[in-house]
Structure formats: structure tokens, C-alpha cells
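Going in written order, the chains are labelled A, B, C and D, and every chain counts its residues from 1.
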């Protein structure tokens, strides 16, 4: 079973040279730490920056330079700053190659729910609805099951939807899976030490298992 | 050029009336008009509808106006850092309209640009789509979204000149440029007010035509929400 | 009867302190020369400049700085440069206070035709359709009659329309007139040496003459 | 950062195919991609649809491609400075679609920003409205206008870096920034190509994400259409 770092490391393997990538808050933000240094990629922060650098040292902290999670950041050489309309023009216009974000639930047809839990606090969707409605490629970082053991890879989402038919790939603590165009989760890899049966039991939605499923190399 | 300088925030916000609609720039606490918020707080204007990406925190930003119950309604994309907000929302004291962030930015831009409506894919198939016209273009479904405009837009810039030209810094730019275009009256507070001709015309983020009042603000706190450092 | 300079001088009197103004090609461009120097106004060029200055001296010519008529220009202190989408956002959004442009015909309900003569060359509407559809206040600079003596202030335009019900005021070589909200031209001033009867004869559209009509002070 | 530098205009335009749709930046002859136009001329690509505010003059700019009959269709707002254009139009050799300048700019922006359609007031009641959906908002009538996108967008900037970030100069900016966003492939030619990190991130007009190829152009002629001087 992968911890958060493990999920981030596995997702980092999905990154290709030359990609523009939007990383969501939480595990996706961690992915930046594990992208191989020989790959040239540019990280977008939807509050108005292309070219997110590492977190600053104490002396370099600038309150006027934060990421979408409101964390202090730095810029890479060759960065560009812009306003929020321009930022979402990039996202909506399909210029961002890859979006990595968290999810509370994903359904077997690629719907995602990650912004609201009715009855509890409503925090708002932020940029998530724009991102999932527009991204060319979406990878979801998530826990396969709730703390109570209920599957979060469902036939149909129970929570309010963020976007429909948009998730392409899932990296959970248990597995890597693709959402098939015709619906259903196709199992690609098992987390270290996790069996196919464990993944079957943890997946409510239709699971397609084709041949021998390799263990992830993380 | 036209001189738009006012003495300070009290003069700048003097005619904001009860039940006015305000746009306030900023993302989180980054790039918010701190001086004007203080003056509105002092003035005690009530029943405000605030269009702003976030609602501040408990004791800073728009959170200050929530505490004094000067805000009737928030139109935002994310409001998750504010427990007083949560209390008022759950008790029904506060109205809230949540809008996807990109749609919010574009609706404000459309307000300033005289585009009454446009199609956006964000929120199709979600509760955001409720009551909205849907239409397919090139095999993809979109929602018809309408412009947003305000009685007053209040923005914060890094530098500005007496004609109202503005330059922002870092990610403190965010919603400020679009909001500057969408207010009947746009008020700009800047960290440094410079003489005419000092800003490079090629490097201006907000042309002065959008700004009616400008002043140099004081004592910027620039509070950081998530101080994160590299070891 | 006014010459082009006279029309430009009379229109300059319409300019108020603090205005943002778009000047069309031809006579409207000349207006800039006669705006009283105590008035602070800003001239917009729809190809991307607020703050048009005088034409450059030979040594200051910059091919990267032109107005909408493709003439070389200079900038005033406090100018701002921007792209064409931003420029028309200003126009469409109602931020420009006054638009002054030429016309081939104006009708008594305020329609304007100034972009096309069928059968002859089609040059295109440029920014004229955007300007007339959006401006808060539109003043037209025009000749009252064609060279053949036919009125250009008509009941209905005969040429293809640029915009409907948009012209507020006309300054011609013969007169100053307002377009009334209910339709019709209201005569406000006569050009020096021109009689009310001459204006009557030169105006095909409904002309409203109320009391004594003063001569222009140019 | 991603290195997008190509050797020169021939390499930059090598895969522009017959019957492609091109966007070309510039207003009149100001801010036009002179080097790329020369290479397309040399390459002899035919049947082009060119989206550009103007069509150049007889012997410069897009006018060069008209003379060699490489252009099938022009989509522009104003085409009045070109007698070869006139001849081809009247003889039916050339198709022309005229669009109000602000609508053209906004349709290109919409193409880049993923907005398939929006409402604009320009052209209501004119022949431009023919066949378009009309709708009233707040008592004013608007036309529904659709986005424009291109196979290749070709823009000219003043400075650019290896990651494709661009800065324009003066009114040579005009349509270039929007067009840069609306091409499947965007090619930027710049007067000065600078190393990564030399451009101020706060002062970039076109972020590199929109640009696929960049090179430093040569021998800019920058012809002036109306040389007008003060005495």
C-alpha cells in the first residue's frame, strides 16, 4: 500500500518531457518533488503563474508570490505571471497538457466528486470545475477507500459532482487504473504488496482485469 | 491626462452605499485592498454583496466585514478558510453563491468588456448548471454564463500613476485587473503612487481608463496564509 | 459653410474635461488639434493606445507606433499600450466617453452608413461597427450633401448600414444637429453665412426647427 | 523550461500545408511577421485561408502572398490599401469575409480561451448580422459570435526567450497576443531572442505556453504606410 509520498512518486512517472502541468492541492502538489530532473516541464498555478519553483528559503519569502494552495513559492527562470482570466483561458483553451488533482470519489464513467460534502461545510469548487471540464489529460490522486473501508471508485458518485466523464487515470494507495472510454476501471498496476483480490474488494465500480497485473515500480 | 488621485481610503470609499455590490480583488489574502476594507469597516456600510474569489480569514480581509455583519451576500469560488463565514452560512445569516474560479474570472472580464454572455464548459453536469442554458459546440457541451458588474470595484496594485494606470506584482495580480474593468466606479489602492510618465506605457497591466480613484495606501500587512519554506 | 478644419474646430467644442475619446480617420483626427489645452482628455487609438500625442518630428518616427489610420504618432506621458482585444473591451464595455467619426449617410433615426459602397470597392468596416454599437456618445463629422448636391441626412440610409440608432449629434459643413430620441434632426446651429432655408433644402430627413437658430461660434 | 527555439523562418513554417488556416498578427504593416511571410512565399504553399486584421499592401505583408495567388480566402476587418486585392476580389479569384475589428479580436481571443461563442453588439442591424442568432440582454440586442482558431498562428514580437515568452513593443502588439493563443501551432518571430530568465516574469505579454516555435528574425523592414510628421 502506498502512502501519500508513494502516490506522488508514482504519478511523477506519468510526466512527459515538455509538459505544462497543473497540480492540485494536497498530494498533487507533492508530485513536483519527484519529477525527474532531466524532464523539462512547467508547472502552472491557476492564481497566475507558469513556472512554479521550490518553496522559498526563509529569507526569500514573498507574500506577493503564492500558489493556488496559498503557500509561499518561488519562480523558475523563464516564468510568466498573468491574471486569473488569462490563467483560466490557458486551462479552458486546452493549453495545459496535464491536470493532477485529488478526488473524494470517481465513478466508472470518469465522473469526479471532490468539492462538497452536503451537510458538512461547503468550501467551494475553486478552480476544480474549470480544470476537469477542460483538461486534455486528467490524473486523479486518491485513497482507494474511505477510513471506514468503503470504496471510493464507484459505479456512480454519491457526492455532488465536480465534472462528468473527465478522469482518465487514477493512482490510488492500492493501484493504478484507467477509466475506459466505454466505462469501467481497467487495472494496470498493483501497489507493492497488494493483491488483485484486495483491489477487487476495494473497488465498487466495474473492474476490468486483463492478464497478469504487474506491481508498481516506485 | 486626467488626475484621479484622492487623499486616502476614507475619501475613496465615501459614497459606497448600503446594499451596494462590490468587487474586491485578491486571491486568498494576496493582493487584497487592505486599506479600503479598513475604511468600509469603519464606515459601517451594511447589506453589501461582495464579489471576490475568497472571503478572507476570520480576522483579516473580507473576514473583517463578515464579523461585523456588513456582508449580505458573497459571490466567490472558494470560501474555506473562515469559521465565522461557516457559522453565518449555516445559520442562514449569509447568502453565498459559489462559481467556478475560471467562470468567475471570465464573467467579471465580460462585464468590463461589454459581453453580456458567453459559453463555458465548467460545471456541465454539476449543480452549477442548474437553470442555465446548455448548448453543444463541436460535440462538447457548454453552459451560458452572464457577465458580472459592480457598483464599486476595489483593487490593489503595486504601483500606479496619477492617471490611474496600474502595475501589479507577482501573483497579487490575480482578479484585480478584470475587476478594475467591471465597476461603475473603480477604486485602486497602490503601494507606490508615481508621477505621470514614470510607468513604461508598454508595461501597464491596467490602463487608467478603467480607474476613477487612486491613492497610495499605508501599512500593508500582507498576511501569509500558508508560510511554506524549503529546508 | 465650414471647411474640414471648421468642422473639426466646432466638434472640438463638444469635448469635456476628463473625457476618453476615440477619433476616427479623416476630419475626426483633425479635432485633436483644436481641443483647448486646459482640458485634460485622453485620446484612444483602437489599435492599442490610450494617450495619443502629436505627430512625431522626423527624428522621432517609430514604425512600431501608429494610429488607427496607420499614421506615425507619439505618446503622451501617462499613456498605456494594450492589445486589440483589450482595446475593444474598452470600447464595447462603455469606457470610452465619446466617439467622433465620419459618415457617408445618417438617417433621421440615428442610423449611420460609412463603410461600404456597393459595386465600388469594399474596404471593410474596421472598428466602426464596434464603435457605433457601443459608444456612450457619438458625434458624426460629415458633409451635409454629396458633390452632386444630394442630401446625406436622410429619412433612411441608402448605403449599407454600419450601426442602427446610434448617432447623437452631427456637425456638418452647414449645421449642428441632434438626432432626436423619437427620430428627426433637431437644428441647433447654422454654419457661418448659412441660412435656415439652405439647411432645410439640404436635409432630406425630418428637420425640426425650434425658434431662432444661432450661428456657430468657430 | 521547455526550449522552443528553431533555426529560422524556413524551419518554423516547414509543415504549413496547402489549404491550411493561418492567423497572422499585425495592424496594417505594424507588427507583422515579415520573416515568416517571406518563407511562406518561397515555399509556395497554396490555398491558404488567412485571418489577419488587414491584407497588407500591393508589395508588402500579406499582399505578397496575394500577388502569387497563395491565398484562397481572407478574414479581415479592413482591406482597403491593396489594389491587387481589389482586382482578385472583383474577379472572384479571392474569397473575403469581413468582420468588425473588435469582434475579430474577441473571436480570436475566444478561440484561445476555449469559449466557443459569446454575444457582441457590433453589427446588429447590419449585413454582418445575417444568419446570426440575436438576443436581447438588459434591453440591448446582441449577436452570437463564434470562436476562431487556426492551424498555425504566426506572430511577431519585440523580444522573446527560449521558453516562448513574448514582449511586444508599441502598437505593434495589436492582434499578436490573441492570435498567439489560438493556433494549434504558434510560431513567434522576434527581433531579439534572449536567454531564459532575462525577461521580467511580471512584464510578459504572451506566456510561453502558447508558443510552440520561436526564432530571431532578420532584416526587419518595418515599412510605414502613412509617414506623418509634425512641422
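By definition in this document, contacts are C-beta pairs under 8 Å (C-beta built on N, C-alpha and C of every residue); 3 or more make two chains touch, one makes a residue touch a chain.
These figures come from a predicted structure and were not determined experimentally.
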Contact counts by the stated rule: is the higher one at C-D or B-C?
C-D
From chain B, which chain is the farthest off, judged by mean CA positions?
C
What is the distance, in whole Å, between the centres of chain A and chain C, each centre taken as the mean of its C-alpha atoms?
55
Taking the mean of the CA coordinates per chain, how far is chain C from chain D in Å?
28
Can you work out the whole-Å distance between the CA centroids of chain B and chain C?
36
Chain B and chain D, separation of their C-alpha mean positions in angstrom:
33
Residue numbers in chain C touching 2 or more other chains?
49, 81-82, 88-89, 91-92, 134
Which residues belonging to chain D are in contact with no fewer than two other chains?
106, 109, 113-115, 120-121, 168-170, 202
All pairs of touching chains?
A-B, A-D, B-C, B-D, C-D
Which part of chain B faces chain C closely enough to touch in the complex?
1-3, 109, 111-115, 161-163, 165, 181, 196-197, 199, 201-202, 204, 207-210
Please name which positions on chain C make contact with chain B in the complex.
17-18, 20, 40-42, 44, 49-51, 75-82, 86, 88-96, 134
Which bits of chain D are touching chain B when the two form their complex?
106, 110, 113-121, 135, 137-138, 140, 142, 146, 167-170, 202-203
Enumerate the contact residues on chain D facing chain C in the complex.
27-31, 53, 76-81, 86, 89, 96, 98, 100-106, 108-109, 120-128, 158, 168-178, 205, 222-230
Can you tell me which positions in chain C touch chain D when the two form their complex?
45-49, 54-58, 61-67, 69-73, 81-85, 87-89, 91-92, 111, 121-130, 133-134, 160-165
